[in-house]
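In what follows, structures are represented as structure tokens.
Consider the two complexes below, in which subunit A is the common component and subunit B and subunit C are the respective partners.
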Partner chain A sequence: MTELQAEQAAVMPRIESQSQRSRYRDVLIALAAFAVLAILPMLTGSKALLDFVIRCSAFGLFATSLNLLVGFTGLVSFGHGMFFGLGAYGFGLIMQRSGLPVPVAFVATLVITTLIATVIGAICVRLKEIYFAFVTLAFQMLIHSTILSWVSLTGGDQGLRGGIPRPAFFGVDLSNHVHLYITSCALLVIGLLLMRQIAQSPFGYTLRMIRDNAIRASFIGIDVWRAKLTIFVLAALFASTGGIIMALFVSGAYPEFAYWTISGEGIFINMLGGVTTFLGPMVGTVLLLILNDTVTRLTEYYGIVLGIVILFFAIGLRKGLMDFVVEWYARRRNGSGE
Partner chain B sequence: MDIDALTGCLASSACLVTQTTSGFIIGMLLFLVAVGLTLIFGVLKVVNFSHGAFYMFGAYFAMTAYQFTGSFALAMLCGAAGTALLGLIFERVFMSRVYGSDVLMQLLVCYAFVLIFDDVVRMIWGPEFKSMGMPAAFQVAPLFIAGGVVPPYYLLLIGVALVAAVVLGLGLARTRIGKVIRAAAHNPGMVSALGINTGLIYGGVFALGGMLAGLAGALAAPVRSLTPGMGFSVLIESFIVTVIGGMGSILGALIGAILIGMIRSFGSLGFPLFTEGLMYLFMVIVLVSRPTGLFGKEVA
Partner chain C sequence: MTRTRKPGVSRRTTLAMMGAGAVTFATPWVARAQAKTIKVGMPTILSGRVAQLGTSSRNGVMLEIEKVNAAGGLAGRQIEMVIRDSKGQPQEAARVARELVNTDGCEILIDAEASSGAFAVHEVARDLGVLCLHTNSETSALTADPKQHIPNAFRTARQGVHDSIVGGSYAAAIAKAKGLKRWATCSPDYAYGRDTTGEYVTYLKRFAPDTEIISESWPKLFQPDYTEVVTKILQAKPQALYSCLWGGDLTSYIDQANIYALFSQMEVFAVNMADYTALTVVKNLPKGIHSGNRYIKTYPATPENAAWGDAYKAKYNEYPTNWSWENATAIMLLAEASKKANSADGKKIAEALRGLKIKSPFGADGTVTMRAEDQTLVGYAIGWGTTIPQEPYVPQVQAGDWKTIFELEAEWKKSKGYT
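Moving on, here comes the complex of A and B:
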């Protein structure tokens, strides 16, 4: 064993035991969060609020999975939205054409996503920085163009219309609004918990190392290409789940779901919420959706308002909200401790 | 898919000339936008996501100037000079604040301005489609070359773009200021240590890039319809051009633009619905085989 490997072997169990301890805490937090979300329909009759949470689930899963790439691995993907669209279209098509039960269609969509993400990822993760961003963007637009031009399958620019059948399974009827809401929340909480486990696992720390210094990582024997591909595919799965929730919510799928602007919004959400904390993207999602809803109600010049808010974050704070809060808190605590 | 239409066209000289000319028109406009993009990236190392907005402003400035003065030359001048000024202000006031910070922050600033600029245009000129109309001087019978139709304005457009390409290429390669710009691209610290104001160079290059995009917009104004958000598709396509040609390479931008123009022009015959897809497919193939583009150099 070389010295480096020995060092690595000594560090790994420490991370392992650390993550073991935080794992129980994470599960408890997740259960508590789910409980709060689950009793919400009993407290309020507001359909708009439940809709809001469902949309947050779809975009939150998408944005958080994007952050696994951007924040944790340093892979700035401009094409992550393709997996959101793929999830929506894959699930919608399977349900419309085959009449399979919902859970089977769900798993089948994830399998399809895995296959496509593996092929695209294998090509993309070879490239670095801005070239990675561009090639993911190109793949996204290629998928978008395919959706637009393959009219017989996808309905072209009209999207997948006619509604997605939602037969009941295990007593869950997704055409019931509350059932759909609870299912979305469950998918969100489970998805976040799984992603949290990935981020805190030794593999997650490997990703951070690749982000900080890929050359050093490869020197100590890490297969960088393989690690990047693995996280690319995993992130695609969660984005696809977000797309499935969206397809269920609107009972259809539209080409905009696979357009590059979805990826742009994902990046924006991450920058808004912050990329260094795990829950930053979730905060960003809630912020953006609230911003979207209020600004479109107040003014027709939505772009100017949103633009100024973005400028405030980019030039004013220079980081996302959660990053800012965490740093501010750390500074304050250190300051008072002196 | 309509392969017959494509092969039929390739066999007919009239159709070949018409499609090639229209491919050149698309290509030359794209070149003017893309060369600014590639120049800004080469010198400032910034991916200017708001570049399409300068194209849009160029078109609107030209249209307004033409409506007031009736002079085509003045319209072109206003389009180019107005966007140059805008580029300078944008770079000095906003972009210069995010140099050296995260690439994502630079992208966000640009993205913010894409949103703001589109709304500003909507406020000033209204949300509906506008058209500048073809100047009287060019309302003449088209030329017929081998049976293909070539409007004289197209020749002017191609000529202007080619002149811009040559002037820019020679200017960067031969003149003193060109050398300073290339030096600043390579090692800004050294250039500024020599007593040259790099801030001025950055602002100047951004203004030059903005001017070229604005000129493209002004040239396109008589033949395209004007609408807020019109810069966006141009931006995406000129991105493809710069990436295919290699970020920072002027020759690459020229070749890439012509290639994309031809793909668009002939692709619309053979694959009407998948024309855009063809461009992205081509981009993927180029990036996978040559990650830095056809003429790109590995930048550290």
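Moving on, here comes the complex of A and C:
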């Protein structure tokens, strides 16, 4: 045993116990967050607040999964919205046509998403930077066009009509507003927890390495293509879950869910919240939705206000809100330590 | 000498506290005054390419709301409109509609959304059970399909299938008279364009069986350049052309086709031509384009309709659109139903709306009816005529026959499996 190996052997258990501890901490935080969200309906009678949290769950899962690609792997996908749309349409169609129980339809939708994401990902992740961005965008437009033109299946540009049936399962009745709310919160918290585990796992660190220097990563024996494809498919699954929540919320699916503007919104949420911290996109989601709801309430010139906010973040802060807060906090702590 | 602040409450704080106190005590009064008003929510599209849909709908609504409020409101309650932009996104339309009901306390919804948004709002109405009047979606399935039917949703707009029946029979009559056998179509490539064209052709062939379609063009929605479409049609040498392009697409199509003198080479049937948004924008409006009426103040040729169009023009400095009359009709029906039910309660109004016939400037015979069986508007003025380049643009409109419409509509419903 060389000196280096001996040193590593000593260090390993310590790191392992540390990661074990941080995992417990994450689970505790998740449980606490879920508990707070779950008692919310008892504290307030505001249905709008519950609606807000349901939409946050849908977009939060979508944006955080996009950040797994953008922030952690350096894959700037412009077509992530296709999986959001795929989730909404897949779930809506299965429920409308087959009458399967909700959990089965949920799993089936994820299986379909996995298959499609694997095929699309296998083609896209070979490409770099702008080429990757544009080929994902092209696939998104392909899926969007398919939804538009396959009228007999998808209803074309009118969307899935007639509502999504939702038979009760295990005592959960998703046509009940509070049940839908709790289910969305549970999906959000579980989704975030799983994504956190992915980000903190050795695989997550491999992704960061690929982002920083893919050539070096491949030299030390990492199959870069496989790692990128894996995270592409995983991110698609979480985006798809977001789409399912959205389909349940509006009780339908519309071509806009698979349009590039949804991907753009995801990118914007990430810019707003910041890509270097795990919860950045979640913060961005809450910010964007609050912004959206208050601005549309006050004025019809939503675009101008949003544009100014984008400029403020892009030129003024030059980073997302969470990045800014984390840096500010670190600076303050260092400052007071001296 | 230094002056320090006296302990205790300063004058400024006292004033502030008095102000706060006054507000606190006054709030219940304000709230009580508000409870007397009835809020009506209206999600619509106020930004983006089809913002005109929202603004002209809003104008139509507000014009009527003023009259209703001046006459005492809904069963003594003044109407307060809460109008929000959905940006043309269905999920936003659903969100805004829910918020209007759940947070803003709206008791009635006017759904002034384009088709996909209308279906999203329809689901919200199904979920919340709130009275909802669809004012812009002309997609037949919204009310014709029994799966869509809910007791609290009504449509106060035209219906695609009505337009196709009238258009088809009008075109067939001219085709027979002028011997037009070879037809071409040119319509926007989305559900409205494809469905409307398909239904139109069905009825054209039904009334004039020896016509055939020799060329079809499907330009993209909002396509800027129509050169290839125009040349394709010219090469096919049809005797007649049908199009359901609308708004800006129709006007740029006509401007570009004018260069090739397309309109002198064939009879053109453009269902959406006779709307001021198209008529007033085209640079050289060709003479003799056949068009269905959308909204023009000269058809129906009644003083009531002319007065309504002029009042709108005087208030908003532009002519009403097809959407304006559809939305105005919603408010007229609402007011009348509330009077009949003597209540502002959504359920009672819905009960009174079923089968309600009201006087209307937009009626074929001076009245329109909310048909009870599928809760959609019938009896509105519907007809076709030919254009001239200046006002009144479409001088003679040939009225569609509602008896025929009802017969063929029933047949169509059966063929779709709706009845």
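Annotations for the structure displayed:
Keep this in mind: the second predicted complex is superposed on the first by the 320 of 338 C-alpha atoms of A that agree within 3 Å, B and C clash if a C-alpha of one lies under 4 Å from a C-alpha of the other, contacts with A are read in each partner's own complex, and residues count from 1 in each chain.
The working rule: contacts are C-beta pairs under 8 Å (C-beta built on N, C-alpha and C of every residue); 3 or more make two chains touch, one makes a residue touch a chain.
The structure displayed is predicted, hence computed values, not measured ones.
Once chain A of one complex is fitted onto chain A of the other, the partner contacts of A:F134 are limited to subunit B, with no touch recorded for subunit C. Looking at the shared chain after the overlay, A:A48 reaches subunit C, while subunit B stays out of its contact range.
When the shared chain is aligned, subunit C comes close enough to touch A:G163, but subunit B does not.
Once the two complexes are laid over each other on the shared chain, residue contacts for A:G307 go to subunit B alone; subunit C is not touched. Touch criterion met: A:F257 reaches subunit C, while subunit B stays clear of it.
Legend: residue contacts after superposition of the two complexes on their common chain; A:F268 is shown touching subunit B, with no touch to subunit C.
In the superposed pair of complexes, A:A239 makes contact with neither subunit B nor subunit C. Of the two partner chains placed by the overlay, subunit B and subunit C both lie in contact with A:L148. In the overlay built on the shared chain, the residue A:L207 is in contact with neither subunit B nor subunit C. Comparing the two complexes, residues 148, 151, 156, 301-303 of subunit A contact subunit B in one case and subunit C in the other. By the touch criterion given at the top, residues 46-47, 84-85, 87, 89-92, 94-96, 98-99, 102-103, 115-116, 119-120, 123, 126-127, 139, 141, 145, 147-148, 190-191, 194 of subunit C touch subunit A in their complex.
Against subunit B, the residues of subunit A that register as touching in their complex are 70, 76, 123, 126-131, 134-135, 137-139, 141-142, 145-146, 148-149, 151, 156, 260, 264, 267-268, 271, 301-304, 306-308, 310-311, 313-315, 318.
Of all residues in subunit B, those touching subunit A in their complex are 47, 94, 97-98, 101, 103-105, 107-109, 111-116, 118-120, 122-123, 236, 239-240, 243, 247, 271, 273-274, 276-277, 280-281, 283-284, 287-288, 291-292.
On the side of subunit A, the complex with subunit C involves touching residues 46-48, 51, 55, 148, 151, 155-159, 161-163, 175, 246, 249-252, 254-257, 261, 293, 296-297, 300-303.
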